[in-house]
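Each of the next two complexes has chain A plus one more chain, namely chain B in the first and chain C in the second.
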Partner chain A sequence: MEKMKVNQTLDAKGLACPMPIVKTKKAMKDLESGHVLEIQATDKGSKADIKAWSESTGHQYLGTIEEGGVLNHFIRKSSHDETTSETKYPYTISNEDLMKTLEDNEQVVVLDVRETAEYAFNHIPGAISIPLGELEDHFDQLNKASKTFVICRTGTRSDLASQKLASNGFTNVFNVLPGMSGWFGKTVNFNQ
Partner chain B sequence: MTEKKRTTIILFSGDYDKAMAAYIIANGAAAYDHEVTIFHTFWGLNALRKDEQVTVKKGFMEKMFAKMMPRGADKMGLSNMNFAGFGPKMIKGVMKKHNAVPLPDLIEMAQDQDIKLVACTMTMDLLGLHQEELLDGIEYAGVAAYLADAEDGKVNLFI
Partner chain C sequence: MTVKAMKPHEVTKKVFNKEELFIIDVRNEADFQDWKIEGVNFEYLNVPYFDLLDGVERIMDQIPANKEIIVVCAKEGSSIMIAEMLLEEGLEVSYLEGGMKAWSEHLEPVKLGELKNGGELYQFVRIGKGCLSYMAVSEGEAALIDATRMTDVYLKFAESIGAKIIHVFDTHLHADHISGGRIIAEETGAAYWLSPKDAEEVTFEYNRLEDGNEVKIGSTAINIHALYSPGHTIGSTSFVIDEKYLLTGDILFIDSIGRPDLAGLAGDWVGDLRESLYQRYKELSSELMVLPAHFMIIDELNDDGSVAEKLGVLFEKNHGLNIDDETEFRKMVTENLPPQPNAYQEIRETNMGKFAPDEEKQREMEIGPNRCAVR
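On to the complex of A and B.
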């Protein structure tokens, strides 16, 4: 499995219902928006619980990895400004057009700027993962001239990333709208 | 910001297992960011009793009631397989094995999570329970206060 960066890990192993969810709520309260929490639990019901809880409270449930009897759940704390996405970067491309471009086997770069845990559970085949917060340290991994499609979940983080790239000499950058939340094309996860 | 969801539970039963179910749901609902109220009436009031003896002036009937009812959540019996008090001992052993949270801890957690614990004053009078005998930090109210909380509740339970 690839490295999956989380901002905080909660040990709820051995705890029975309702403790995992009670502890998760507490941990999420102190977490910063956009950050990822990993919850390690052994309660078999926790998978359904954490998923339902995340959806009901508006957080993003990323997925669960089972490892030797321990369920590792990943959720990302949502931020309020993400849903009211007002993008500023002028060059955009729709999901459908990106899908076509990829099908035509054009030589393009898909840059996924979501957190690594989000990327791990679901991403476009061949996409490069560089979370928005680490983008500046990794400009050297990218080619300034190649056609680059920047994608996140809803188009907000990719908008910021596109602006950053453009102001650092990248000339062929497009923001993908709306992004992975509306992506019906091929995806892969860490198992594949 | 959307309005907070609300869960209200009437705890009528004085059985350990039923009270446990009520408190597990309540704690879960609080984690769901619901505003939670547990309204304790009749035998459910025993879950709020302090476990030590509190000296208060009581009449003969009230004294009898006080003796016969469980003093605190930990002393409550089971709704099924109580076996004259042996059942709760067994179930507590099993709970420990499975790391389930015992009822007194669930009540403490409920208070930590700002769950509103309400004692029905009318039934307190019937059973001869005084405020001094019940846990600190709970509220005292009647049916109208319960309905005010329940009328816009998404989840209403009678246990």
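On to the complex of A and C.
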């Protein structure tokens, strides 16, 4: 497994409840929207609590990896405009239509522009992972003529990515709506 | 002023005495829904501690002014924090010492009655999890049945009444909790008895518990008679003690009967379960006092905290003993079963000696209710 990129790591090892959550809350407050926090904890109860806390505060709980007695939790700080803003890029495709296209085994590229930690826990099989913030440095990994479906969680980051691609000479790009938040097709994670 | 710790023993007394208590459970909702402190006159407010980090003001109007209040969490840390915040708001509250972890492990001994010639029978009520274990004592000798992994409690109790444990039994290979029987036998030199039919995969030495086996404790002979009664497991064995008490294990409970599926063979064992309940038990005296290995709901507790009822009464009132139609019975015990106990496969393997988890892991495996019955 490639090391997931996180923006900040919080060491809560050896701390008993409630301290892992108290520290997480504080760290999330200072974190930039859209960034990913990794919390390393040894309190077994932290998994259910971090997940429940994330849900109740609207942050995105990505998942937990257990390694040698340490629970590594990943949370992404939500940004409010993600679910509210309208997309601007004109060429879009619905989740359902993308699912059909993939089932028909068409030669297409699925470009996942979420953070690597989001991608790691849940992505469409064969999708390429390039986070939105790094896209400009990785144009060379993509073929400008290939049919490319850009996906994120809710369609906002993929909208920005699609615009970027289009203005850099990509001619066959579609933004997938709504994105992974509504994806019921096949997915894989870092274990598979 | 500081917040007060309330011990599991004190809360247990409130359960037994049907006292009022207002419980602020600050665990997450899923854990609370799954398993909580039960009491006939207890009221609850479940708000996760992590939703109260900025203050408890918003729950103040949901807390009654005239009731005793206890804050409860998984291990006590969060409940202390919330109790202190409530105290700052002027509310006098306690927290549960050791949290639900300690609640799950607390054993409350209750004397059930006298045996012949000054003997005594005790029930150890594991109030948080619904497990029941037993100690029969006569003339300084004791037999222990279905001991939990809190072995110290039994050893200390035996010492306090001046008894030496000489026989240790398990009515069956448990799937909901880790047995302390083998360890107690090792520490005391007592004989450890288990049905060979449940012990096919065990990795340790044991005495073969067979139908009709009798052991005696004390020189005046309290008789413990083994009665083969399969159904929950294939080796399930009941005991008749002093011709007065019937220890039914996980075959028959007060308000329910045992489920036959925890070793993965529900279909095969339904017939055995029916035969044990409807034939073997039917032949016994209806005056026998039934002592099960579990209770499921708090209503099954008697006023003194014990869990016991006459066999004759159960034949009248227990729904599971009153299903005349065999097909309907089969349906009830194989379909719509409740969820299986937490980590039941790992628990079974631990009880077979195949798996030796550390204490922390054992606790985690046992978390939650026992779920051994079908109603």
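Rule of thumb we're sticking to: the second predicted complex is superposed on the first by the 191 of 192 C-alpha atoms of A that agree within 3 Å, B and C clash if a C-alpha of one lies under 4 Å from a C-alpha of the other, contacts with A are read in each partner's own complex, and residues count from 1 in each chain.
Heads up, the rule we're going with is that a residue touches a chain if its C-beta (ideal position, glycine included) is under 8 Å from a C-beta of that chain, and two chains touch if they have at least 3 such contacts.
Bear in mind the structure is a predicted one, so any value in this text is a computation, not a measurement.
When the two complexes are overlaid on chain A, chain B and chain C occupy overlapping space and clash.
Residue contacts after overlaying the shared chain place A:Trp53 against chain B and chain C alike. Of the two partner chains, both chain B and chain C are touched by A:Val22.
Look at A:Gly14: by the touch rule set out above, it reaches chain B but stays clear of chain C. Contacts of A:Gly45 after superposition: chain C is touched, whereas chain B is not reached. Touch criterion not met for A:Gln107: it reaches neither chain B nor chain C. In the superposition on chain A, contact of A:Asn191 is made with neither chain B nor chain C. On chain A, the surface touched by chain B in one complex and the surface touched by chain C in the other have residues 16-19, 21-22, 25, 53, 56 in common.
On the chain C side of its complex with chain A, the touching residues are 28-31, 48-51, 53, 73-75, 77-78, 81, 360, 364. On the side of chain B, the complex with chain A involves touching residues 24, 27-28, 30-33, 98-101, 109, 113.
Partner chain C is touched in their complex by these residues of chain A: 16-19, 21-22, 25, 44-45, 48-49, 52-53, 56. In the complex of the two chains, the chain A residues touching chain B come out as 14-19, 21-22, 24-25, 53, 56-57.
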